[in-house]
Every structure is written in structure tokens, then in C-alpha cells.
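Got some structures for you, see below.
One chain, chain A, links the two complexes that follow: it is found with chain B in the first and with chain C in the second.
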Partner chain A sequence: MGNTLAIIGMALLGLSLIYVLYRTIIGNPVSRRVVFVYVAFAAGLPLFMDLLPPVHVTPDVQALVDALEELPPNSKILAAFDYDPPSAPELQPMAEAFFKMAFKNDLDVIVMGLWPQGPQQADQAIAAALLDPDVQAMNPQYGIDYVNLGFQSGNEFVIQRMGSGFKAMFSRDQRQTPYDSIPVLQNIVNFSNIDFVMNFSAGKPGTVEWVQFAVDRFGATLGAGNTAVQAPQIYPYLRANQMVGLLGGMSGAAEFEKALGMPGAGSTMLLSQISTHAIVILFIIIGNTAYFRTRKRKNG
Partner chain B sequence: MKRTIPWIITIVTGFVLVIAEFVPPWGKMREDVLIYFQIISVFAFFLGGGSLLKINLQKVFSKRTDWEYALVTVVGFFVMLALGLFKLGNPEMATAGYAADLNANGSWFKNLFDAVKAPLSASMYSLLAFFIASASYRAFRAKNSDATVLLVSAFIILMGQTFVGVVATGWMPDWVSFFKVENLSLWLLAKANLAGQRAILIGIALGIVSMSLRVILGIERTHLSGGDE
Partner chain C sequence: MADASPIGIFIAGVLTLGIFSFLYKDNPVYKVCEAIFIGVSAAYWAVEYFYSALYKKFWLGVIPPEGSGADPDMWLWGGAILGVLMLCRMIPKINWLSRWPLAFIVGATAGLYMMTFFVSNAMNQIASTMQPLIQDTFLATLGSFTVAIGTVTGLIYFFFSKEHKGIFGGAAKVGIWFLMVTFGASFGYTVMSRMSLLIGRLDFLFSSWATNFGQMF
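And now, the complex of A and B:
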């Protein structure tokens, strides 16, 4: 019932834009408050629909998934969480899918953050992943299968010093357990003992710094998930083969989930983002149609 | 004197970091410099906290416009600080004492972060969607050739993000598949954007090198302003 009403609501919303077009053409554009209402409905109504939009997995996402899936059990992954709650709607679905994949494939994950709230975002993602029945069947244990080393201040210099030794930067984990007493960290000295670095980034310090220091200096293999705003800045590093793959924004999260066969928040929220994009596109068309009509009238 | 000592520190630090890159025996000195940097960066948190308190308390006590918001900031600052430092309401406090996990399940710190900080921050950021839509409608016009290129690029990227755009060009045969919206969108991101980003990156890198040299050699001293010789 809610699904049908939401679809009808979306159709009415689209049709009502004809009136907005008419008003704009006659030189009486709607106020910004009306635009806000349209965006609110465009973002909100899809949340009541149980539709999943068609998702096409791009080569950059598939390359990252392939690299992760190829890792043998008990491989060590360093997961750097360099974002905070404002970017969580885009990056959290990626993080949740990543932990589900890692736990199902019996990979060992070492979490850290160059942003103060990053490790807390990781805790939330781990908690969400642990609700998955397939993950519960694997029964991942803190300290044995994963560990959260917490936040360390110093931006890219933290990465640089980790090249000499992780212990120098993280003498204890987030639960105050000494580095040497944590089973999953046994034999982990520096990047040479890490099979893959996964970075979730919303800015600086983030993916660029991981490329410049962990990849270029210490030879780490890097994959990353970025916000949609930041992703275009990362392409030069991706095309130079300094990274194996990239997830960009919520569509990247949905592609990641599809490629892993684990639909989650990224796939369900994507419809909301798509309809908001569609509204923005339509408003651009309306605004420009009115602009050219007005200009033609003035010139005529 | 207030400028001379920081200037000497800058020169020594700069030279150590550059030379250590090429002379392995200097690696230990580089490690030391990085440790100093990290210690200093921790103090930036104290400085930031102090600055936040100073500005907001001044606003509260002088009852300036919107002082109520400043009060909420100060209260929020002290509440989270107290919960984090003293582990108040932390279920692990009884067994682990002050070594308890800050994010232990059920701790007040974690609950406030999950239920207040995270949704509020995400909500604030999501307001951008409303302003972008409004700006697109009122100001995003193809007024000249530059604006038209920008508009068409943005349009293709946006269309590539929606399945409407993918469906709209889905009928195209394979030999013109390049012109399908999703492929055009990818081309813009991975080729046109790439070329522009590389040019910007190389320009920035050259600028950083020249500015770093000026700072290390003491030619550029504006970052030391604020004190007398």
C-alpha cells in the first residue's frame, strides 16, 4: 500500500512540474521554498518504496571487488576510516558491505582512523555487519579476527611512521589492550606484513595521503571508497595504477554491494538519491527553458 | 627573537626532512622530527578546544545575537568531554576502570554519538541537496559558451547517475555505444576530468616545491608574522 502511494506521489510530483515550467516561462518563477518541498518529496517518497534500482557495476568497482575476493583466508587488511558522520550516508554502506565480505571470507581486519570519529564509524559498521546471519555463522572475534586501533593524530605523518612500525603509532588498541597482546596483530610490524589497505575517505587526510605514503613509499596495495564529491580528484591516482579500484559515492556503494551479492543500505538509499538527481535535472531544464524563452522574447 | 627561533626551527626541520630522504643514516633524525610534529599536533586539539570555549563563552556572557546556540555548543563540549574523560555511564568502568573502552556498548558516550552527533551531522550535510536544487533552478544557466560546457557536463554526469538516463539511451546500437549516457558520464570522469585534475595536481606540486624552498631558505617568512624581532 505504502509502495503504491509512494509511486503515485512520485508521478504527481513529476506532473506538477509542468505547472512550475509554465510559471517560470511567464516570468513568475516559484520561490526556493517550493523547490525545497520538491526535493523533500523526491528524497523522502522513495524511502517508502520497496524497489531496487538497476545497478551497473563499473570496471573500477569490479576491479576492487576482484582484488578483495582474491585474498586468501587470514590475509591481513588494514582498514583506514577517514571520515565522520556527515559523510556516513555515502560511506557507511560501503564500510558495512566491506566488513561483511571480510568476515565471510575469513580475512583479518585491522581498523584505524586519521579522523577522530573514524574508528567510531568503523564500530558502527562492524556492529551492522555482525547482524548478518552469514557473518554470525563465521563468528568473528574481536582481537582474533579484527581489531580497532582507534584514532591517531598527525595526519599523513602517522602513515609515514607506520612504515617504520605500527606499534610506534598504536601502542594499544581502542580497548587499551597492549599491541603485543592482541592475537590478530602478531607478526604485524609494518606495511610489508599487510596484504591490502582499504581506505574510506571524505577528505584530507584521506586517500591522496594513503597513495602518497603507503603506496608510493611503502608499496602497499590500496583500494578506496570516497564521497562522490571527492572521487573525481582520485582518478589521476587510479589511472596511474596506484590504486586497484575505487568506490565513488552512494552509487559506488550500491555497485559494491551488487558485485559482492550483498544488497544493503547503499542499494536501498540509491533510489532516493536518483529521484533527487532527477528533480535537480528537471529544475535545470525548466530554468534554462524559461531563460531561453525570455531571451528570445527580449531579442524579438 | 620571537621570529628568529621559529625561523631556525623551520630551516633545521626542512633540511633534515629533505636530506633524510636521500641519506639513509639521517633516517633516525627524520623519525625524531616526525615525533615532534605529532606531539605538537596533539596540542592543536587543546588550542582548538580553548579557542572554541573562548569564542562561545564570550558570546554567551555578552548575550550577543544567537547566544543560545553558543551555550548549547559549550554544554555539548563539556558533556562529551566529561563522558569521555571520566567514562561516566560506561558499563565497563566497574571492571576495567579508566581503561574502559570509550565505545563500549551501552556507554553514554557511544549512545550520545550514535543517537545525537551522527544523525545531526548527517542531517546538516544533507541540507546541501536543497540548496543545490534551488541554485540549479535559479542560477545554473547556459549564458555563454563556458557556462554551456559546464552545464552540459553536469547534465551528463547527473543523467549517468540516474537509471532514467541509462534507459533513455539504452536503445542505442553497439556501434554508437560510446554515446550512451553511462559511457559518456564515465568518459567525462575518467578522461576529461582526469586531464584537468592532472594539470591542477602538477601545478599545485610545482607551487608547493617552490613555496617550500622559499620557506626553508627563509625567503618567505609570512607564516612567522605576529611577533617582533
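And now, the complex of A and C:
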């Protein structure tokens, strides 16, 4: 029922734009508040639909998935959470899919954050992943299969220092357990004991710093999930083979979920993303129509 | 929001709507919500930095807990003294002392980044740009030519020692097109990111907040 109403609502929204275009052509454009209302409906209505948009997995995402899937059981992954709640709509679906995949494949995950709220986002993603029946069957245990080392201030200097020893930066985990008493951290001294570094980043410090220090200085293998606004800055590093794969924004999250066969929030929200983009494009056309009409009238 | 309390979710929803009210026009409710957001963020960061830097790093470093077996790290006093000197900025008579920690930070950062930038952002990027023009597939070959033309014409655009006229000027114009396409792609990604924030907030309002609202009232 909700699905049908939402589809009817979207159709009416599209049709009403013809009236907006007509008003614009006759020189009576709508106010900016009307544009806001349209964008709100375009973003909100698809959230009531249970349709999943078609998603094409790009080579950059597939390369990351392949690299993660090839890791043998009990491989050590360092997961750096460098974002905060405002970036969660894009990065949290990636993080949840990542933990589901890691726990199902019996990989050991060491969580840390260069942003104060990053480790909390990781805790929420782990809690969501643990609700998955397949993950529950694996029964991952804190301290044995994963650990959260928490936040450490110092930005890129933290990564630099971790190159000589993780313990120098994280003497205890988030629960105040000493580093040496945590089973999953046994024999983990520095990056040479880490099989893969996965970074979820919304800015600085983030993926750029992980490339510059962990990859180019200490030889780590890096994959990353970024907010869309940051992704264009990261692609040059991917093309230079300084990273194995990149998830860019909400579409990257949806592709990641599809490649792993775990549809989640990224896939469902992508429909909203598509409809808002369509509305923005249509209003660009309407806005340009208004501009050229105004110019013609002034010249005439 | 997995572990948020019902009251917390309710307040988060009200504050979200308060911020959205700016779309109609600037108003006191928006101002209050904005001030709360900035205040809470600043306080959260202050507490986190105090806990992680001053307590976890410095205090537990110089006075290790009993039974930890760790030796006191006296080098940490150096950082602590520099930190105190930084605070001297607030006392006019001795504010010049704050230049010492600033000089240390600038020097250390410059030293750390000198080789890092050269390797990561210069050498590796140049190496990946200098690829054979003819590749295995047509698309890959087209891509190589595009990169080569884009790099050369982009550099010509930023070469100001010669007037942009004739062939040189034409190449600079091609460079501008490459730059515009790059900025356009970047802007498109930015729009996508901002829309994601809106979708995230709406999803919260329609799911967590609406459910919670129904249960509370």
C-alpha cells in the first residue's frame, strides 16, 4: 500500500513539474521554497518504497571486494573509522556491510579512529552486523575476533607512530584492557603484521593520510570508503595503484552491498538519491529556461 | 541510533526540524538549534581530547597504573611543557612564548611531509601518468591519450610566462575544458554527498523518530 502511494506521489510530483515549467515560460517562476519542497518529496517518498534500483558494480568497487574476499580466515584487518555522525548516511552502510563480510569470512578486525566519534560509529556498525543470522552463526567475540582500540588524537602523526608500534599509540583498548592482554592483538606489532587496512573517511585526517603514511611509507595494502564529496580527491591515488579499491558515496555503498550479496541501507537509500538527482536536473533545466527568457526580454 | 534513549531520539528529531526551519527563513528556533549543535560539538571534542591526550596519553604515561609493568615515559613532559607554553598566548606579557611550540609544530610537520608529499603526491602520480599511449584495448588507448592530452594542456594553461596566443592559446583553452570537466565532476559528487545528508536525516525522521514519537505519545 505504502509502495503504491509513494509511486503515485512520485508520478504526481513529476507531472506537477510541467506546471512549474509552464509558469516559468510565461515569466512567473516559483520561489526557492517550492524547490525545497520538491527536493524534500523527491528524497522522502522513495523511503516508503521497497524497490531496489538497478546497481552496476564498477571495477573500483569489485577490486576492493575481490581483495577482501581473497583474504584467508584469521587475516588481520585494521579498520580505521575517520568520520562522525553527519557522514553516517554514506559511510555507515559501507561499514555495516564490511563487518558482515569480515565476520562471515572469519577475519579478525582491529578498529581504531583518528576522529573522536569514529570508534562509536564502528560500535554501531558492529551492533548492526551482529543482528545478521549468518554473522550470529559465526559468533564473533570481542577481544578474540575483533577489538575497538578507540580514538587517538594526533592525526597523521598517529599513523606515522603506528609504523614503529601500534602499542605506542594504543596502550589500551576502548574498554581499558591492556594491549598485551587482548588475544586478537597477539603478535601485532606494526603494519607488517596487518594483512589489509580498510579506511572509512569523511575528510582530514583520512584516506589521503593513510595513503601517504601507511601505504607509501610502511607498505600497507589499503582499501577505502569515502564520502562522495571526498572521492574525486582520492581517485588519483587509486589510479596510481596506491590503493586496491574505493567506495565513493552512497552509490559506492550500494555497489559494495550488491557485490557482497548483502542489500542494506545503501541500496534502499539509493532510490532517494536517484530521484533527488532527477529533480535537481529538471530544476536546472527550468532555471535555465527562466534565465534565457529573462535575458531575451531584457534584450528585446 | 541503536543505543539512543527515546528522549534522545525525540530531541534529535526536534532539533533536525529546527535546523530545517531555516529553509523557510532565518528564525530564532534555527538559531537556538545551531547554537546547541556548535556547543555540543565543541564540548564533545574538548572532552575527547582531554581524555585521550591529557589523561590516557600524558597522565597514564608519566604515572603508569600499578601492576601495568610500564616505566614512566619522561619524554611526555616535553610535550606537556610545549602545551603549557601554547597557553601563554592568552597572557599578553609573555605571549611570545607561544611561538616556541608553534615553531616546533611547523618544523615537525614540514619535516614529516617533505618526503611524504614528494613520494605520494609527486613521484607516484607522475609515474602513473607516464603510461604507454597504445594499450591492449581501444578504450584503454583512448584513456591514455585523454590523460596525456589533459595533463599537457592543463600544464600549458598554468604556464603564464608566454602569452596564451596561437597554438599555445588553443592548447590552453583545451586545458580549461579539462579543468572544467574535472570541477564539474567534483561538483556533481558534492551534490550527491549533500543529498545523502538530507536523505539520512529524512530516513531518521520517518523511521526512528516517527516510531519513537508514536510510542511516546
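Here, the second predicted complex is superposed on the first by the 292 of 300 C-alpha atoms of A that agree within 3 Å, B and C clash if a C-alpha of one lies under 4 Å from a C-alpha of the other, contacts with A are read in each partner's own complex, and residues count from 1 in each chain.
Quick note on the criterion: contacts are C-beta pairs under 8 Å (C-beta built on N, C-alpha and C of every residue); 3 or more make two chains touch, one makes a residue touch a chain.
Keep in mind that this is a model prediction, so the values were computed, not measured.
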Touching partner for A:Ala43 - first (chain B), second (chain C), both, neither:
both
Give one of first, second, both or neither to describe whether A:Leu130 is in contact with chain B, with chain C, with both, or with none.
neither
According to the stated criteria, A:Val158 is in contact with first (chain B), second (chain C), both, or neither; which is it?
first
Once chain A of both complexes is superposed, is A:Leu17 in touch with chain B (first), chain C (second), both, or neither?
neither
Check the residue A:Ile25 against both partner chains and state whether it touches chain B (first), chain C (second), both, or neither.
neither
Check whether A:Asn241 is in contact with chain B, with chain C, with both or with neither, and answer first, second, both or neither.
second
Just to be sure I read the superposition right, which of the two partners does A:Met269 touch: chain B = first, chain C = second, or both, or neither?
second
Taking the superposition on A as described, I'd like to know which of chain B and chain C A:Thr58 touches: first, second, both or neither.
first
So, does A:Ala88 touch the first partner chain B, the second partner chain C, both, or neither?
both
Footprint overlap on chain A, comparing chain B with chain C:
36, 39-40, 43, 86-89, 117, 124, 153-154, 157, 160, 231-232, 236, 239, 251, 273, 276-277, 280
Can you tell me which positions in chain B touch chain A when the two form their complex?
31, 34-35, 37-38, 41-42, 44-45, 96, 99-103, 110, 113-114, 117-122, 124-126, 129-130, 132-134, 136-143, 151, 154-155, 158-159, 161-164, 166, 182, 186, 189-190, 193-194, 197-198, 201
Could you pull out which chain C residues touch chain A in their complex?
1-3, 23-24, 44-45, 48-49, 52-53, 56-57, 60, 68, 70, 112, 116-117, 119-121, 124-125, 127-128, 182, 185-186, 189-203, 206-207
Residues of chain A defined as touching chain C within the complex:
33, 36, 39-40, 43-44, 47-48, 86-90, 116-117, 124, 127-128, 150-154, 156-157, 160, 171-172, 178, 211-213, 215-217, 227-232, 236-237, 239-242, 248-251, 265, 269, 272-273, 276-277, 280
Given the complex with chain B, which residues does chain A contribute to the contact?
29, 32, 35-36, 38-40, 43, 53-54, 56, 58, 84-89, 117, 119-120, 123-124, 153-155, 157-158, 160-161, 164, 174-176, 231-233, 235-236, 239, 251, 273-274, 276-281, 283-284, 286-288, 291-292
